[in-house]
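Presented below are the structures under discussion, each in the form of structure tokens.
In the two complexes below, chain A is the common chain; its partner is chain B in one and chain C in the other.
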Partner chain A sequence: MNTEILGVLLMYLLTVALAIPLGRYIGKVFESDRTWLDRLFNPVDKTFFKLGGIDPKKEMNWKQHLSALLTINLVWFLLSMFVLMNMGWLPLNPDGNPSMTADLAFNTSVSFVTNTNLQHYSGETGLSYLGQLILMLWQFISAATGIAICAVVFRAMKEKTTDKLGNFYSYLVRSATRILFPLAVVVALILAFNGTPMNFEGKAQYVSMQGDTVNVSRGPAAAMIAIKQLGTNGGGYYGPNSAHPLENPNYFTNIVENLSILLIPIALVFALGYVIKRKKIAWMVFAVMTLGFLLLLFNAVYFEMKGNPAIAKMGIAQPLGSMEGKEVRFGPAASAYWGVTTTVTSNGSVNSMHDSFTPLAGMSALLGMMINSFYGGVGVGFLNFYIFIIIAVFISGLMVGRTPEFLGKKIEAKEMKIAAIIALLHPLLILAGTALSSYLYAHNPAAYAGWLNNPGNHGFSEMLYEFTSSSANNGSGFEGLGDNTPFWNIACGIVMLLARFLPIIGPVAIAGILAKKKYIPESAGTLKTDTGTFGIMVFVVIFIVAALSFFPALALGPIAEYFGMK
Partner chain B sequence: MSIHRRTNKLFEGALVKEALKQSFVKLDPRIQFRNPVMFTVELCTIFMLGVCIWIMNGEASQGSLLYNIIITAILLLTLLFANFAEALAEARGKAQANSLRKTREDTPAKKIFPVGEMYVNEMKVVPSSQLAKGDIFLCEAGDTIPMDGEIIEGIATIDESAITGESAPVIRESGGDKSSVTGGTKVLSDKIKVRVTTEPGESFLDKMIALVEGASRQKTPNEIALTILLAGFTLIFIIVCVTLKPFGDYASTPITIAAFISLFVCLIPTTIGGLLSAIGIAGMDRALRANVITKSGKAVETAGDLDTLLLDKTGTITIGNRKATHFWPEKDIDENVFAEACVLASIADETPEGKSIIELAETKQVKKPFCKMIK
Partner chain C sequence: MKQNILPAIRLTLVCMVFFMGIYSLLILAGAQLAPGKGKGETATANNRVVGWKLLGQEFTDDKYFWSRPSAVDYNAAGSGGSNKGPSNPDYLKQVQDRIDSFLVHNPAVKKGEVPSDLVTASGAGLDPHISVQGAYVQVKRVAAARNIPVEKVNALVENNIEQPLVGLFGTKRVNVLQLNIALDKLK
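After this line comes the complex of A and B, so read on.
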């Protein structure tokens, strides 16, 4: 086995090994059990609550949780719009970068508030340091929002019959201070010591050996990169994201950053086991997610290491695999691993250009986002998975001839209605968006010539990828797309908004309704949801919903391209 | 009452004929509308029919006429098959109620004609279905009472366990408030004259049959939820197919209407959608084979949710007495030896259990001579 694959294995195993204890810790944070960070952060939390006039002991029902979430998100969005459109004259702008246009500011604000971090700009020229800092703040807050609402669902999944599901603000603050902040400090320190900039100075200048003057952008990069990875945000400090040598200087930082992508999403699954005191369910969820993840990973790594058939046809040997669009310090295996981890988790940071992946590896990335629940974004990944669990419970319940029950609560028409709508939303947004752009392009190629760098199937993949990435709140891009136009900024902005908040509202509503129902103790006839059989059932449901709804689009994009290259 | 397993074949001539007719009747959009998945298939079929006519009038871009006609035919067959499955299940349900009624009607009644062919008060055996209100019939020990009525003469012990579940016989006599008898119960001793008090089709048993038969198909909660899920899936695939059109435009690959419709019908959960209504009826049918009468698919579903069954007394139309039906020897124990031991243990037992064990041993012909001997 070659070292590149060993590197990938090492990264994955290390992540899981760290995620298990972290999951336990997160579970304790959710349950307000005592942890060793309490002494440090209890006073901090109290200050926040005092300042905000919040009583963290006041329990809310699921509707109150949602209205709290939506209200503060709206406030953040407006604040972000203001800063981005005025940062040209606001302080902390040593490089004199201009303010954003309204459509770009809309897209960027939505993108960061929704944890997507789709960037239609380039960080070093498009943002002032204040802009970067405010976006960094959203990276903490949007991730904490996801974790907090996930905690609400965990709480609702407990056995008791109640509509009191804890306090949203308390979960939000605790997620930020107890989970994201300490981890981000550790990762940022590692990055800073490996050469990532962390200062507020303007561009540095040096004269290269050829005699050219080179300007190097600097700023508070290490802090932002740490949280962009941990919070499955993915909005890089520099335009090329983690492929940039200052964002991701060497293989070691690559390991650390890649580990941070998967860490919290996996840990949250184990936190579920801790909160509802049923470890076996957590392992079932983990196993299903891992199975899907590994399938996508094998596919991507295999095709990237095999090299590009078009280049092979020219008679050029590719001992390193497909190196187009990749950094030599990472190599194809680690790049493909990153490509899959970042798309399954709705992170969206990149360390290689997904646009240049071989077609089927690109399809792995696309599928990861289309399914969007193999680990998934922090918090929201589990919510997506929860919808699939509900559908799987329902279908298998009917198969055994009993009213479907999940964790002792009956699943009835109302819950199914919500689950069906949410399962419908993701394909709708992706396919309708792509259909709209294909329609515009196909009927007037001259007017929209600036959109696509590549014609044919690859151009189609670029549009499909952009909408998939927006709808999955991922934020990575097939960068061949000329996306800073009003159409893409506004269309993607709307897709991101809908795809962020509806899939939060749906599962929370289901969980809230189920929590209020009578608890039915398990009996011999109860469908066991913590078994391998049920796991396979969930996997099949995910596969059917994703594969069937996206297959025609994939066939016209990456699959057609793959056969075209042969 | 004996337990007899019904051995209905899946396809009985008469049933199939009725179901075939119904599968065309059910093409009515008003009926189809209740099942969204099949309704969309029907819309597709009608649409394809339009496309066929369009091609006949000279349209050239939609593929050959034959191809389009084949697609239309396949869609129509799909619809008919779904209707057929439902109609067959329904027809079977009806047939069962009919057979139940038939046995009911065939109970012989010893009707008394005040002025007979030869004598006054002549007695003649007629099927119970021919009894009208006001008729008088005679019941002797061992007879089943054919119709609800009132005793006008005599006194008898009657086993009403089939209706009430009470295993001890009750005494009914003319006059007073204990004079009414119910059809389907059994006279154990003596002889009574009874006047029919209900019209045909209104007796207690008839009402029960009506209950079974008239179990109009209510949608079960799960079915409603499933319909929502299927409608959801159908919507997803509508999106998939509609968006394929601009995708095809982009790839400059025109796609024919027939191809769109075929893809759509293949993707949507047609099978579950088509058979959904048949499933509930099949469930009732299965329960009936186990001699359980379920009033609706909903009841079958509820039965699936049962964890514990609490019995007050034996049911309403059951045998009413505890009865041994099987010998279940442990492994390695000969059934004969076991039955013999049971018989020996029960000889002196006068309770229904004890008696029925000995009866069972006789029917099983376990060492018949031995049983006889102890008798």
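After this line comes the complex of A and C, so read on.
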């Protein structure tokens, strides 16, 4: 069998094999059950709580959770603005990189605090080492925010009738120290041992064999790259992210980094099974997510390995496949696999340039972000999926004439309204944003000539991709887009903010309201939610919502480009 | 909201110390044991540093194996890809020009033998590798430019092929810098 395809199979199977035990461990961390890392982390967490002035035992209801979450995120945003706008004169800046402009700092701060990591700057020239480190901090704690709020929803699903849902700060700190930190240490050390830089020195210089003088950017890269992958952040140290040979030196590190993208999102599904003690539900969720993921994956790998039809017409060989924007050490199969894993999980790091993907492989990446719940970002991916479950329960309830119930709680008008608003918010932000930018461009192409790197349908895809990526809190891009302008910085910043916090508030509100309701024991009349039939129902709901919302836009972008190239 | 402000600020400060400070220093300390000590590994030839092991560099001379085209001319302080879409007419013309130019420099090569990695830009513009076929199609040119037998250069390429991980996973490829260093040593 083709060694490239074997590599893809290995990566996926290894990820699932590690995610199952990790899910159990995460479940224990959520439930404060005993684990073998307690001895190390009990004192660490105690220090966090003591210095932070926090009582980790104080129970919060869902509104208090949201209030704590939003407040601390605001603090992070303000601190981030300050550092990015002043890093030019702050310490740790050996290369003398400048501070950011206000609109770029706004975009970057929102981007990293919301776990998006959309980058309208390039790491080598746009950040000091202090800037890189503060962004790395957001990579840890914005990911921990997602995991913490997911833990709150798990807890609400588990409880019979209560409004006590644990302590937000406790979930936040424990997610950061006990889940993200140990994994990041392992991955960062693997990278450092494979040649990724980890130092605080300025640029190095050498004279090449042909006599050119070359400067090489370096710095504390290994530490940041590890957490960028594990926390579904995706913000790279270098401009071209994990396509850079120092950010992702070889095929082995590519396996490790790609595994890190999917690991926690999948593990959280199994953590759900552990927390609510209903393993069958976890497997149902996993099966639906995996089906969607595999469909997108087959499509992308097939078209990337087949190569670019326009280049085939020129009469040269494409033994590997489509190679524009790709690295030879990974090849098209591993690049397409990365492209799909990074978009379904809202990670957004890349090991090849998505802008140069063949049209339908690019569509797989777009669809991964449009659906945004086939595994999904750490924590928030499940929250998106939860919305689809609620809608599926409601629709199936109507179809068979039973009261819609989920885990012993009646789903009524209020919950359904919230679920419908959240499900429609994502398409609204994407389509409205794309419509606005297309309108501006179409009416004055000369004024916005710097925006698009490619003409025609592909240019439209570049704008569609940018808003999709912002709204999915993904952060990857069709990077040809000239996006460091006030319009893109501010528009994408606003989209990222709305698309981060509303889809957190909605599901937490639903889960909190449901948790307070009277528990109805299962009876013969209950709709079973841990069966294959219900799984198909959820998949159909996701498919219909995505198809109705996005097909017209996709038809104008990648689909038209595909048929135009035939 | 009010009662959350103070804990939020205090907790953020603790996180700064732990994740920016302690975590970074821990990895920095670990990296001191790694080859290159976290500063980057250089490649040497004739007792002179001629590059970084992991980074591709520009080779355009007929007597060297060429690297892939780069959207940033192998600038390791400002890396990037072309971000050209697959159907962009300007881009396709550029690829056609690269094919033509390659065939002019390599008259013994038929068009159908040229692999696409030699005429497309990589993701970071610093790709250290070319495909195996990409190395073999350059052998005749290099041998002629250096006046050495083709078989000798062919054997050199064969010795420099990097196999997939444990022979099973990933691509076969050739590191251009290593190949050219070995080439210069060839008598």
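Simple rule for what comes next: the second predicted complex is superposed on the first by the 565 of 566 C-alpha atoms of A that agree within 3 Å, B and C clash if a C-alpha of one lies under 4 Å from a C-alpha of the other, contacts with A are read in each partner's own complex, and residues count from 1 in each chain.
The rule we apply is simple: a residue touches a chain if its C-beta (ideal position, glycine included) is under 8 Å from a C-beta of that chain, and two chains touch if they have at least 3 such contacts.
The model shown is predicted, which means the values in this text are computed figures rather than measured ones.
Three-chain overlay on chain A, with chain B and chain C fitting side by side and no clash. In the superposition on chain A, A:427 makes contact with chain B only, while chain C stays out of contact range. Touch criterion met: A:455 reaches chain C, while chain B stays clear of it.
In the superposition on chain A, A:146 makes contact with neither chain B nor chain C.
By the touch criterion defined above, A:352 reaches chain C but does not reach chain B.
Judged by the touch definition given at the top, the superposed model places A:381 against neither chain B nor chain C. Here chain B and chain C are compared by how many residues of chain A each touches, and C touches more. Of the two partner chains placed around the shared chain by superposition, chain C is the only one that A:243 touches, whereas chain B remains out of contact.
Taking every C-alpha atom of chain B against every C-alpha atom of chain C, the smallest gap after superposition is 15 Å. Across the two superposed structures, the residue set of chain A contacted by chain B and also by chain C is 456-457.
Those residues of chain C that touch chain A in the shared complex are 1, 4-16, 18-20, 23-24, 26-28, 30-31, 33-42, 45, 48-61, 64, 68, 74-89, 91-92, 95-96, 99, 111-117, 119-131, 133, 164-165, 167-173, 177, 180-181, 184. By the touch criterion stated above, chain A contacts chain B in their complex at residues 391, 394-395, 397-398, 400-404, 411-413, 415-417, 419-421, 423-424, 427-428, 431-432, 434-436, 438-439, 441-443, 456-457, 460, 523-525, 545, 548-549, 552-553, 556, 560. Listing the residues of chain A that touch chain C in their complex gives 3-4, 6-7, 10, 44, 47-48, 51-54, 67-68, 70-72, 74-76, 79, 122, 124-125, 133-134, 136-137, 140-141, 169, 172-173, 176-177, 181, 184-185, 188-189, 192-193, 195, 197-201, 203-204, 206-210, 212, 214-218, 220, 222-223, 226, 238-240, 243-246, 249, 251-252, 254-255, 307-308, 310-311, 314-320, 322-331, 334, 350-353, 355-359, 453-459, 461-462, 478-480, 561, 564-565. For chain B in complex with chain A, the residues that touch the partner chain are 221-222, 224-226, 228-229, 231-233, 235-237, 239-240, 242-252, 263, 267, 283, 300-301, 304-307.
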